[in-house]
Amino acid sequence: MAVRFTPWLIAIAALVLGILFPWLKTPLIIALSYGFAALGVSILIRAGQVSFGHAGFTCLAGYAAAAISRTWPATDALVLLLAGVLCGLVSGAVVGLFVARYRAIFFGMLNLALSMVLFAVLGKFYHITGGTDGLRLERPPLAGMALERAPFETALLAIVAVLVVVACWAIRRFYAAPMGQALIAIKTNEVRLEYLGLSARRVFWTGYVISATLCGFSGAMFALIQGLVTPEMGYWVRSGEFVFIAILGGAAHPVGAFIGALGFETLKLVASAVMTGIWQLVIGVVLLILIFVAPNGLSAILVRFERRTRTV
Amino acid sequence: MQSLLQIRGLTLSFGAVVVAAGYDFDLHANERLAVIGANGAGKTTFINMVTGYIKPNAGTISFDGRDITKLNPREIVRLGVGRSFQLPQLFLEQTVRESIELSVVARSRRLSMFTPLAASASSKEVDHVLEVVGLTARAHELCSSLPEGHRKLLDVAMALVLQPKLLIMDEPTSGVAADEKHPLMATIMGALAERKVTSIFVEHDVDIVNKYATRVAAWISGRIAADGSPEKVMNDPEVRSVVLGH
Amino acid sequence: MHGTLKVSIAGLSLVACLVPGYAQQKPAELKIAMTTFLSGPASVFGVPGKAAAELAIEELNAAGGINGVPIKPIFLDEGVGSDKLLSEYRRVVQEEGVKVTLASISSGNCNALAPVAEDLKVLNVMWDCGTEKLLENRRFKYVVRSQGNGTSEMVASVYKLLQVKPDFKTIAVINQDYAWGRDSWELFSTTLKALKPDVKVVAELFPKFGATDFSSEISRLQALSPDVILSTSWGGELDTLIRQAGQRGLLKNGTWILPLAESSLERVGKVLPDGVIVGMRGDHYFLHPENKDEPKHKAFVEKYRAKTKQYPIYPVYHAVAAIQSVVDGYNTAIKANGGKWPTTEQVAEAMHTITFKGLTRPVTMREDGQGLEDQMLGVTKMTPAYPFPVIESLTIYPGALVTNPVGTKSPEWVKTLKPEAMKDSRIKSF
Amino acid sequence: MNSSLLLLGLLDGITQAAVLFLVALGMTLIFGVMRILNVAHGSFYAFGGYAAASASVYLASSGESLGAALMPLLAGAVVMGLLLGAIIEFGLVRRILNMDPAMQLLATFAVFMVLEDLQRLIWGVNPVSISAAVDLMGTVKVGAVNYNAYQLLLLPAVAVVIYFGLTLSLGRTKFGRQILAVTHNREVSMAMGINAKRVGLLTFCIGAILGTLGGALAAPTTSLVPGIGGDMMVLSFAVVAVAGLGQITGTAIAAILIGMAKAFAVYLFPEVEVLVPYLIMVLVLLWRPEGLFAVAQARRV
């Protein structure tokens, strides 16, 4: 049961915290938007593949949202979010065609390379992309209403919170469905998958598109709350952070990504508050410990707990 | 009558090693062919070529009157050729039942992204298959936890579920305890008979060959040295000396 | 019934109107957040800025702060990248109740933070960044700049270049690839075209922001050997560029013009040959021909040297000026508010009217929030007095003369410049 | 201008390729033997650079003679390389050899994060530069262009020496053959009685030293700032990927290729310079996933 309710728990907790301590809204939204990207990454981890380039998709979506709202300043925030999602979907579908053949390190490398190309392109061509300074986007209207900062943040927080629950439910279904199961099979035995008459490449492509789509949403949401997109969004270290979050949370259950994201952001806040300037060090150490102590992540613990309670 | 599997001038060599010396070969429906031969004689390579895992240097393979020489395993499987492996190829992180269910779903080739796996495969069929191969008790264990014998069974079962016209089994009884070999073959052959599936199986155990094969082909260093009824082949002098080592 | 309702509504609205007026008690302290580079190549630039701010604030608080209210500074590192900086900025304003911010050094960060400041209704003084676009493209209520902008600096630079080297055929530029590097070059080149149309641009190089190796660029510049080489780079990158160019003798061919190099002189020392045109983004120089012996200035230079073992560079002057502007802004607002502590809104309003004096010539704030800062440039000369080049044959260009009028866009305005402008009597050479 | 442009691009390319090669070589060597892609390898470069800088401050009291300027670079690199290599291999790498690649990547990524901040803590955030060696060696004039003798002659020379030194010792020495054996097949070589642990440790240290050496040699030509580790990581990564993991000669060629491409970009389309290495990487990976000089193996069934 534990797992079933965690998404709700997270959503409600986020809302309550955000309303009690308004300054927490921004970090919460950022954390949860990271969660969506990490969820995308963890889908691929279930297929045994690690991408060190998925920040590229969040970055692309972020820039898409920014570009749109700069060209049509009246564009609604919801439309921008949708645009981000579509951007992730389409770019994922296209890139997926190329990378779905690759596995293991080659897959990781190719994704990293592609994201770095994007990173470099965005950093250059200053007159189009704003170069390393990135693009600003003024706060857009939301659902037709022009909102002040505070209500705008609250609204975004609400949207993210709801979508956390939705995403967890939907991806859970996906994991349980044949396609999701076939995805796991890619990790253990592609040959057999082919000998069942199934195209491992197609299965993996599907997973890739879904993961990119989630990243797309993450990027657009990040752009909205930040009001600024920079190439940093797509730097390989950011991709690494997504992988870290995915592992921290664990791929056993979609909610893991969000647990991981919250853990990551908290860690970051605490580390940068308590021991200024060395949050990376702290996170690195935590990650190392994790790899040996809980390689399957936090959600795995939840799931195990759930299994036990079920069997008892 | 037109043969189910027709092979002409099949040639393949890895550098100096000849694994297929341009042989012809025909298999007819409802035959149960046992393939014998020493290790490295080219038996597995033969299967790999027929199922599209390796492409021959020359020659043609046609199945059911269709040229499959250039097709990949997936396409060949879809035409009705099932295959089981010398080293069982299983989904180690999934349960026995899930593996079967996935195979059942694979037959339709439509992978839903939303309806649960269990709901997408008819549980009646899955139960039946588990019944037939005697894995019902272990249905909810992870494949990685199965003993070799059961792995072999599951490996065959997953191929069988696809309802192939031809099932090729690469040493179904190797690595299986001696006293389990016969029951294992009995189960498999029973299942095959039930569906009237033509079959090829690579086998070293002479008794099993004599008991289950309607026809035997002996591979010697990349060519088919003898082909025919079990008696004939088993008494072929070359086969006796080279393959059976008498 | 109706009546009372009407009355109560009226009452409420009345209260509502009055609230800002006197709801403001004097706070125990005034929190000021300053964004500056504490890490990365630019920190050679941001750290002095911080030191200066600390000094100025110490002095101020020792003298009783702003009408009895001490200032508590909070420093944010621009080196962490603009999106992390943005989060930090929001945090200190929303969580720690910062009322005034000084942001930033990097034009990129100014662009990013200014709208946020306007959003959060916090007074933001752009204390060091050069981008002129911000205040031209949008009228801000809470955002002002206590110093000159790219336009004034680049126009002055072109004037100085044409004064020192009136006839040259070719020019090449090597700038940092971000807002300042790009915009400053656009301004410089358009100004140059307006005043000297026959000049040919032979190379435009924009190595990435934070680059540490310019060897290929240097080879190319040597191959082209232009008459003039411009770089508006600054901080650690400028040091690296100068050092690497020096190692390969590039500084000796052609005239170099480095409008921000005053801030690098002490660090690069002898590497920089005589005859390089350098600027200081304003008239900020510890050897300022008019102010160098002024007690306030002298005393500060002493204190600063005692604290940092370095001579003050222009970010130091900008930091002091920015804080001075805030002080004057508050005092003016307090006067206007009848001695009561003003709202941020009132201070922001005042900030658009004041004239304040930092350590060098005074700066006048315009209604668009842009400060009119005089620009000074000179030419390097090695003297026995210092282990690094000093700047001689200085010229001061009045801010009013080299800044585009309110409501005009810089790129258009500089096109209209005429060579006569360089003969203006208000320009003072030493 | 074109013929001279070609020459200049060539020379610039070489100066860039030398360092790139050293760092990438370390990365590819480690992968060859331990099958681990060390994400923290870029940090070796950074630490090498800083160590060299510190060493030259402490050791070279008088940077008058060239030796006095070069020695600290070497010393700093070797000491730092051994230190990092030994600690990381012993403390982490040998314990994750049997984990799945995802975890391995992540583990080294964690190391990268830790090192990034350690570097900040130890050497601060202000740019560090030591140009003694470059100044002492003076310049070489090629056409209108002055090159630093240090960059144009010394660095490539070192790279060439190391390349031949390594390839020869791999073929000729006992330890070299052991490395090759482990690279070729860990299990078998262990069965043959090779102490894979020891080979692993030594290889990792050598790889680390190559990384730190790259940094140390680059130090006099650039200025050291936070973040160079991360950038060098992707760059050497690109080289290794283009060459094919574990390919020594390939790495040399790839390094030159990328170095040249970057240099020519500066002359022809300066805008795309930073893009070039990644573009090459992507194209090569799409065209030949295993890289230009590696061969793919199929799974046995």
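Every chain is named by a letter (A, B, C and D) in the order it is written, and numbering of its residues begins at 1.
One rule holds for everything that comes next: a contact is a pair of C-beta atoms (placed from the backbone, for glycine too) under 8 Å apart; a residue touches a chain by one contact, two chains touch by 3 or more.
Just so you know, these numbers come straight off a predicted model, no measurement behind them.
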Reaching subunit B from subunit A through chains that touch each other, fewest steps: 1
Those chains which touch subunit D and also touch subunit B: A
Distance-to-centre winner among chains (Cα means, whole assembly as reference): A
Greatest separation from subunit B - chain, by CA centre: C
Comparison of A-D and A-C by number of C-beta pairs in contact, larger one: A-D
Between subunit A and subunit D, centroid-to-centroid distance (C-alpha), Å: 32
Geometric centre distance via CA averages, subunit C-subunit B, whole Å: 78
Averaged-CA centre spacing for the pair subunit D and subunit C, given as whole angstrom: 40
Two or more partner chains touched - positions in subunit B: 53, 89
Subunit C residues counted as touching two or more neighbouring chains: 206, 208
Touching two or more other chains - residue numbers and ranges from subunit D: 120, 271, 274, 301
Parts of subunit C lying in touch with subunit D, wherever the complex brings them together: 38-41, 43-44, 47, 79, 203-208, 210, 212-213, 215-217, 219-220, 222-223, 225, 236, 239-240, 243-244, 247-250
Residue ranges of subunit D in contact with subunit A within the complex: 37, 39, 92, 95-96, 99-103, 105-107, 109-114, 116-118, 120-121, 230, 233-234, 237-238, 241, 245, 271-272, 274-275, 278-279, 281-282, 285-286, 289-290, 299, 301
Complex contacts: residues of subunit A adjacent to subunit B: 173-174, 176-182, 184-185, 187-189, 191-192, 194-199, 203, 206
In the complex with subunit C, residue positions of subunit D that touch it: 1, 4-5, 8, 11-12, 15-16, 120, 125-127, 129, 131, 134-135, 139, 143-148, 151, 218, 221-228, 262-263, 266-267, 270-271, 273-274
Residues of subunit B touching subunit A in the complex: 51, 53, 72-74, 77-78, 82-83, 89-94, 98, 101-103, 105-107, 109, 111-117, 120, 158-159, 162
